[in-house]
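As written, the chains take the letters A, B, C and D, and residue 1 is the first residue of each chain.
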Amino acid sequence: MYTLTGLKLKNPAILAAGVLGTSGASLCRVVRVGRAGAVVTKSIGPLPKTGHPNPSMVKLDCGFLNAMGLPNPSYPDFLQELEFAKKNSDAPVIASIFGGTPSEFAEVAEGLLPAKPDAFELNVSCPHAEGYGAAIGSNPCIVEAVTAAVKDVVNVPVWVKLTPNVSDIASIGNAAESGGANAVVAINTVKGMAIDIESGYPVLGNRSGGLSGKAVKPVAVKCIYDLYTALEIPVIGVGGVSSWEDAVEMMMAGAAAVQVGSAVYDRVDIFSEISTGIEAFLKRKGYSDIKKIIGLAHEMV
Amino acid sequence: MYTLTGLKLKNPAILAAGVLGTSGASLCRVVRVGRAGAVVTKSIGPLPKTGHPNPSMVKLDCGFLNAMGLPNPSYPDFLQELEFAKKNSDAPVIASIFGGTPSEFAEVAEGLLPAKPDAFELNVSCPHAEGYGAAIGSNPCIVEAVTAAVKDVVNVPVWVKLTPNVSDIASIGNAAESGGANAVVAINTVKGMAIDIESGYPVLGNRSGGLSGKAVKPVAVKCIYDLYTALEIPVIGVGGVSSWEDAVEMMMAGAAAVQVGSAVYDRVDIFSEISTGIEAFLKRKGYSDIKKIIGLAHEMV
Amino acid sequence: MLPLNATITHIIEESPLIRTFFFDHEFGDMEPGQFVMVWVRGVDEVPMGLSGKNSITVQKIGEATSKLFELKEGDSFGLRGPFGKGFTLPAKGEKVLLIAGGVGAVPLLPYAEAACAIGAEANTLIGARSSEYLLFEGRFEALGKVYISTDDGSKGVKGFAVDALRSLNLAAYDRIAVCGPERMMASVFSLLEERKVIEKTEFSLHRYFKCGIGVCGACCIDPSGLRVCKDGPVFSGVQLIGSELGKYSRDASGRRVKI
Amino acid sequence: MLPLNATITHIIEESPLIRTFFFDHEFGDMEPGQFVMVWVRGVDEVPMGLSGKNSITVQKIGEATSKLFELKEGDSFGLRGPFGKGFTLPAKGEKVLLIAGGVGAVPLLPYAEAACAIGAEANTLIGARSSEYLLFEGRFEALGKVYISTDDGSKGVKGFAVDALRSLNLAAYDRIAVCGPERMMASVFSLLEERKVIEKTEFSLHRYFKCGIGVCGACCIDPSGLRVCKDGPVFSGVQLIGSELGKYSRDASGRRVKI
């Protein structure tokens, strides 16, 4: 058992937002079959959104590009999914939410409270949704205000998910911390684009989107490293984790836990593989506790 | 023959800064053996620098991480290399320069003028050199001032190389344009880091560095696309080009030419491969001129 | 894997609203029942079953399919795939019944062909609105027995596929593969459950696909949480017992929509 | 490829300032003459020739090598490689002369071993400051004839390797492989050029390496622009005619430094 912002996790490998998180049943499957330590839902907003036209996700040589466009049924309709997940999963369920303003964030959070999510994750970092996500998340003042607004209306931990598409992620992390965040989550996808040279068309329906998977792991590690230096609150690492080695690397950079998104492409039980791998690694290296490796790279000079 | 900011290039595949650009002889070999359309030197500064301790570059699953730390012999010592390159190469030689202030940039540019570089490329984008590079390049005012300062003292084209580690690269591109840049070059490396989990040590001697190669191509394509929309001056694409298809993709995003860095790892004659590949592609698709594909993705809606 | 560029080599008009598009790329290793994502550039990308190694067979429905219908030989579209899990191939000597409703015949045709190539027997029950909408009738006939139902009785049994199914001896079959509109599949499912043959059935489902590659979760079904695009689209009947099949699906926003 | 973790299994003190470190990883496919980048964590990463599939042999020089000398069995360092182009292996029955100066013997040892394994004859000329600094003398002797020169005359010919070389019949050799300090190599190069045998020679060079993988350009030599780390470290004598060898090299900043 492993505690993260007060949540009890069986292991530190968490399902990332927007991946297999559309329905309660899917979230439960990731816990049941995948052995995730916790799961984060699809980001839910104030109004139903169908998202961008397809193609909305493509696999690249290195990683994936996606521009889902925050499709979601809105919080009133998502309540039943969250309730299902809470009822049928023995791991914490974190509700990812988004909005265009602090009060919209608060509205969505309050709207989902009846389903008793174990925590909220604020998506101020999606790189391909106009007026949402990174549009908000690259401004420290707004990040602080959004965080504070949600903290005001909920009594569960609030995580703030950050975008790497800024010149200084630590300053955004500081803003989240000032707003009362219990943890930051880094990183959301990196702005990216691919073009079909046979036709000249951008491949994604939204033209551009966000890069995830293997390609972004070094970017995520660097962001985590910088956030760990700058903040008091825990940093949850995400971006390109597809093996237990990646998870250990992120933890050494400073991640208190990791989230896994794109790598479910290869196998849903990646979470169990990561947690077993970490255990074996700690044992082989003689670390008494997972805490010994969190931030270890900062000590190696 | 192909004209770029007044320079005559045999083909649009250019050697990127900092790669095989330490000596005049190496630059010439890239033209002679590699058939590069033009070559950019290592970034040269006001004082000799040995750079960061090794490891300074490692290959990753996806791409490369480097933190060379702008090693360079300073402009007085580099003059002979530049002269050698100019004398022994039949392709344009562009001098990449850096400094900590607009006047340092101007000093270095003036110092190299006797060797008659065909153009200057201003490195305001290196992500791992304190006080230089991206430290300057994420501030539009400084970028404009640096560009203007160099424009003031030289009468050859000035290219400004941009960092993707900002929330809005177009605003930095605009600043370069306002400063009088003849072209922008995008992108320099993306901030990144890797940790050796066996020891906990960051792998690079400088702890963190910049990501290049395949991993960053989608990031570069997006930056180029945005810059093409925002600017009047040409955009030169760089980041992860390792095939003619990549080059065509960048041109469709808006690149007037491409630079190739990391991919020389596989083969120095990548430039000739790219230029032949582009020619064959234009022919197969019936495009009368390479200009037809530059920015094509913007028209496909 | 970015979409590959598929150039149309040949188009067959199968019925008033259904066309087969042959293209210049062969998915040599495709499993019958797998699908591709068809990218109609500038419009949308939609899932389509493979009707052969180098063809899709499309019913004109909305925006993307209408745009596809405007394409001529020599035009091209993008293709990603093949994706998902196909039908389980029979063993030599086994007897297979295919139950096809409308364009549901698409993935069943390569399945019937593969079954025959293995040396299994493949009989087909095709249901359609009326005789002119019967898809692949001749090609299924060339492979085995064909039973027909039409809503208007213009050919075969008048009624739905499930009505024609009632009169067949299901015990004679080792495997039963079903693909068609959801309501048709739901009624067939009920009948097959009733007849206690659900263990030998497989159903090819459709749900709204966004990513098509098993990551986004848009296509997951209740209560198993299985992904139609990756764990399916072909599921065993057993996997579907007590599922949302025939009850509701989710639209592009994730909202539940009654069937 | 991130550095792999190499744990020291065994250390041999070869001479007062030279040690061989055996480690728990085998570079099964290494070519004699290839090098690895040895990462002394927290200090530096430096190039070292492979003295065997699982060993490096290091002379204590400065910071990184001194730190290496502090390591004991069971300690570990990082390793990337093997990198670069090695020596050309002789054919069966050929005769090879190896000319080794100081730690220059390192890449020549596996070369001699490989040559003998092929069925070629490998004779060695070893030069050193004094007898106690002679590296791998016994191991070369086990493989073929060994000629020795020491600066102080404590063993073999008194003088430099090039002095001992003058008395050998170079015509008898099909290939000549050289590795040692730059001045030694330069004087050997001149002699071999004079004797008109430069076509059958190969030299293993050293230059300051940053990336070690052929990208940064730090190690390029004039006037060919060839990269020591990737196109070398082993070059044919012909490639080096008129080169900077023996004249200057570049330091970490790229400044030319006289040899």
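One rule holds in what follows: a contact is a pair of C-beta atoms (placed from the backbone, for glycine too) under 8 Å apart; a residue touches a chain by one contact, two chains touch by 3 or more.
Given the structure is predicted, the values throughout are model-derived calculations rather than measurements.
Ranked by separation of Cα centres from chain B, the top chain is C. Two chain pairs are in question, B-C and A-C; the one with more C-beta pairs in contact is A-C. Chain B and chain C have centres, each the mean of its CA atoms, that are 51 Å apart.
Put simply, the C-alpha centre of chain A and that of chain B have 33 angstrom between them. Distance from the chain C centre to the chain D centre is 66 Å, each centre being the mean of its Cα atoms.
Chain geometry summary: the mean Cα position of chain A and that of chain C are 36 Å apart. Shared interface positions of chain A, defined as residues touching 2 or more other chains, are 60, 194, 199, 201, 300.
Across the assembly, chain D contributes 41-42 as residues in contact with two or more other chains. Judged by the touch criterion defined above, the protein chains form a pattern that is neither an open path, a ring nor a star, and not fully connected either. Chain C meets chain A in the complex at residues 1-3, 5, 37, 39, 41-46, 76, 78, 80, 209-218, 220-227, 250-256.
By the touch rule above, chain B contacts chain D in their complex via residues 18-30, 42, 48-51, 53-60, 64, 66, 68, 71-74, 77-78, 81, 84, 194, 196, 198-199, 201, 203, 205, 261-262, 264-265.
Residues 60-63, 65, 134, 138, 165-167, 190-195, 197, 199-202, 207-208, 211, 214-219, 221-223, 225, 245, 248-249, 252-253, 281, 293, 296-297, 299-300 of chain B are the ones touching chain A in the complex. Put simply, chain C touches chain B in their complex at residues 41-42.
Against chain D, in their complex, chain A makes its touches with residues 300-301.
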